[in-house]
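Input: structures, listed below.
In the two assemblies presented below, chain A is common to both, partnered first by chain B and then by chain C.
Right, the complex of A and B next:
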């Protein structure tokens, strides 16, 4: 490990290419913490938004008029506003209002928690629409067959429609989730110590913005490449034989 | 005959030009465009901030105006933040930076400081009165808001181990401080002093109990290549003249800053050096 750090130190002194995260322990800590928080934000908001997507799709399919209108309003609000503004609203506006309403001395949610809430709600709106397209693609004949077999609407949704809709909407879902992972960098604006924040701390101290930008681009390309490969594996494993390209 | 004569004249001009100080690309651009672009802060009262009409005012915009007047060009103020000011200067988006820039060796390698320096500041902490912070060591493990890009962030974190929560600009950090996301705000002592004096009721629950640390001079900066050129020379002359004539001292008084020993020292030195 010493030789690796020595190599990068020499790279800096001889060629002026400063990758300080490899030889400076303070910068390395900042960067590792950044990777941890990016992973945390991504995982939490991916699962949260998937859950919201399923609930929303079900309510649109089987809910009453009120539920459908509520889901529709939710989608309008969170799809039509920029994610950074949503984040600022939650952290700087809604958070303090709730804190003073409940009379607590400390904020009810930390900035990491608000970031997860905001990202989940943002991506949930997109996921509901993606699942809706999957639900609508299930042939009416199949649904009628399920109905004639005596399955209730809820059973139909959980056992017939959702599995098929999920497989159909996987490509669109993949797109949304990749977008979500990249949107986690917005949390830098409310000082969540994720990758972009860690990198910016390093480059404002070491003045190596170019090198850190290159590192960030490579890291994000690798992370998202890994994610899409994983989703591709899931897609292949879940494919219904004879449906689509399987 | 005509050809060789023109050639000789051209050669003569080039050699004579070479005796004068190195040609300045930036100065040529400024003179040709008739405007100088100066990077200033917009969230750091009283050095650079916004008035209710949304215009940038402050001690540093005034200094920029004086520079433009002396060069005989128009002034264009470009808002910068601690996190991007150095990059803006390196990329040539601004010709001059007057943005509360502290001096350190790391920065000397990438930009050209104009000496003499024009001001000096130190690290200070604005903290809630009920947080019980009596010494610098007490901030260990506590949440402290800061601004991204400040040179003392790393130093303070390594010395005292707080949990630093750094925001892109002063406004976000102050908002977070007021809404309780952190107990204190790490910034320059002049900013805290001006905040407390400009808006005493808003900051009634806060105080600055700790001694000011790591006193650091502030410098005007130009691009590193311009340091040895006519442009750099002219800037150096301007700053020396400011100290000598007491312009900076009068600016300090005008913007209600606490009178500093630094400026008085610098004026004495400038007068003696004449």
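Right, the complex of A and C next:
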């Protein structure tokens, strides 16, 4: 450990290439905290948006007219407005309003929680669309067969359609979730100490923007590469035999 | 005709509903005795400024789209129709700019492009908005490159072979046979890229370009009235929705129309 930090310190003094996160413990802490929050934001909003996607797809399949209208309005609004302004709207407008409405002195949700809520709602709208196309791709004969077995609509959805639709819609889902992980950088705007924020703290202190930028791009490329690889494995394992090219 | 009138009516109703919801939320927020009309009255005075800020966003997005499309088309052709080192280089470029977060690329351009470049006697200045355009054009380039690739490989290889049999060379085949068919299929996903771009454009406010979000912030701090928070950000959401929704709708319409049957 000592030799590694010594190596990077020499790299700075001899070549002026300042990777301070590898020898300065304060900067290293900022950076690891950034990684932690990026992981937290990504994981929470990925699972939240998947959950939202399933509920939305179910409501579009079996909800009443009102629920269906509501879901499609939600999709329209969240797909067609910038996620940054959604985040500002939630954090600066809705947050204080809710707080004053409930009459509490403390804010109800922290900036991290608002970032998760906003990202979840944003990605959820896209996931509903993907799940819905998956649900539509399930052959009508399969649904009729479930019907003739006496399954209710809810049972049909949960036991027959959803497992199939999930597998069919994995490629589209992969795309959305990668986008979501990239969008977690927006949380920088409301001072959530995620990776970009931590890096910016480092470079405004050490003035090593170029080096930190390179590190950031490498880390994000690695994270997204890892995620796509993982999703690729899941996709291959869950591919419906005889469906599409598989 | 009737259908179109019906649709227009629906759109109007939707905007009416959006405005009512924003007003209702701000009414819920208004704690003073004043009615909401008095609360949001100052907004009118700032309206032209906010619209101007929104136009800056639109302008930046269009410029970034044009630049990104020009370079993306070149890289897209490079990663599809070439072999060896060119193909690998274009493929790497595409994947890199497609997978890097937009905000990180923006920061990259804002911090690392110099204020001005001196070429012999010319001094080319780089104001923040120009750096912002470049920063947004890079990910657009990656995405457009993929659109071009998708469009080109969607043309059956029999078309290439037929053109070959007619003794057309590679460029003639591309220009006369492939592109006229592929362009049609590329149009809807290209419009989707633009929709993604306009969603990302407000990010330039974070790196110091004066756009609609910057204006909204200045308005809020000038007025210093918390009751305006909801209407100002709500107005921005409505503006962006009014601009994006028709584009997304048209893209979807064209997608269905040009779909391979």
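In the analysis below, the second predicted complex is superposed on the first by the 244 of 246 C-alpha atoms of A that agree within 3 Å, B and C clash if a C-alpha of one lies under 4 Å from a C-alpha of the other, contacts with A are read in each partner's own complex, and residues count from 1 in each chain.
The rule is simple: a residue touches a chain if its C-beta (ideal position, glycine included) is under 8 Å from a C-beta of that chain, and two chains touch if they have at least 3 such contacts.
These figures come from a predicted structure and were not determined experimentally.
> Figure out whether A:209 sits in contact with chain B (first) or chain C (second), or with both, or with neither.
both
> Given the touch rule stated above, what does A:152 touch, chain B (first), chain C (second), both, or neither?
After superposing on A, A:152 lies clear of both chain B and chain C.
> Quick one: is A:99 in contact with chain B, with chain C, with both, or with neither? Answer first, second, both or neither.
In the superposed model, A:99 contacts chain B only, not chain C.
> Between chain B (first) and chain C (second), which, if any, makes contact with A:32: first, second, both or neither?
Neither: A:32 stays clear of chain B and chain C.
> Per the contact definition in the header, classify A:189: touching chain B only (first), chain C only (second), both, or neither.
Once the two structures are laid over each other on A, A:189 reaches both partners.
> Report for A:107: first if it touches chain B alone, second if chain C alone, otherwise both or neither.
first
> Tell me which partner touches more residues of chain A in the superposed arrangement, chain B or chain C.
Larger number of chain A residues touched: C.
> Have a look at where A:133 lands relative to chain B and chain C in the superposition and call it first, second, both or neither.
neither
> Determine, under the contact definition given at the top, whether A:200 touches first (chain B), second (chain C), both, or neither.
In the superposition, A:200 contacts both chain B and chain C.
> On chain A, what residues does chain B touch that chain C touches as well?
The overlap between the chain B and chain C interfaces on chain A comprises residues 92, 96, 188-189, 200, 209.
> Write out the stretch or stretches of chain A touching chain C in their complex.
73, 76-77, 79-86, 88-89, 92-94, 96-97, 100-101, 178, 182-186, 188-189, 196, 200, 203, 209-210, 213, 216-217, 220-221, 224-225
> How about chain B: which of its residues touch chain A in the complex?
82-83, 86-87, 106-107, 109-110, 145, 148-151, 153-154, 158, 165-168, 172, 175-176, 178-181
> Quick check: in the complex, which residue numbers of chain A touch chain B?
For this pair, the touching residues of chain A are 26, 92, 95-96, 99, 105-107, 110-111, 188-191, 197, 200-201, 204-207, 209.
> What residues on chain C touch chain A, complex-wise?
Listed in rising order, the residues are 14, 18, 25, 28-29, 31, 96, 99-104, 107-108, 111-112, 195, 198-203, 205-206, 213, 226, 229-230, 233-234, 236-237, 240-241, 244-245, 248.
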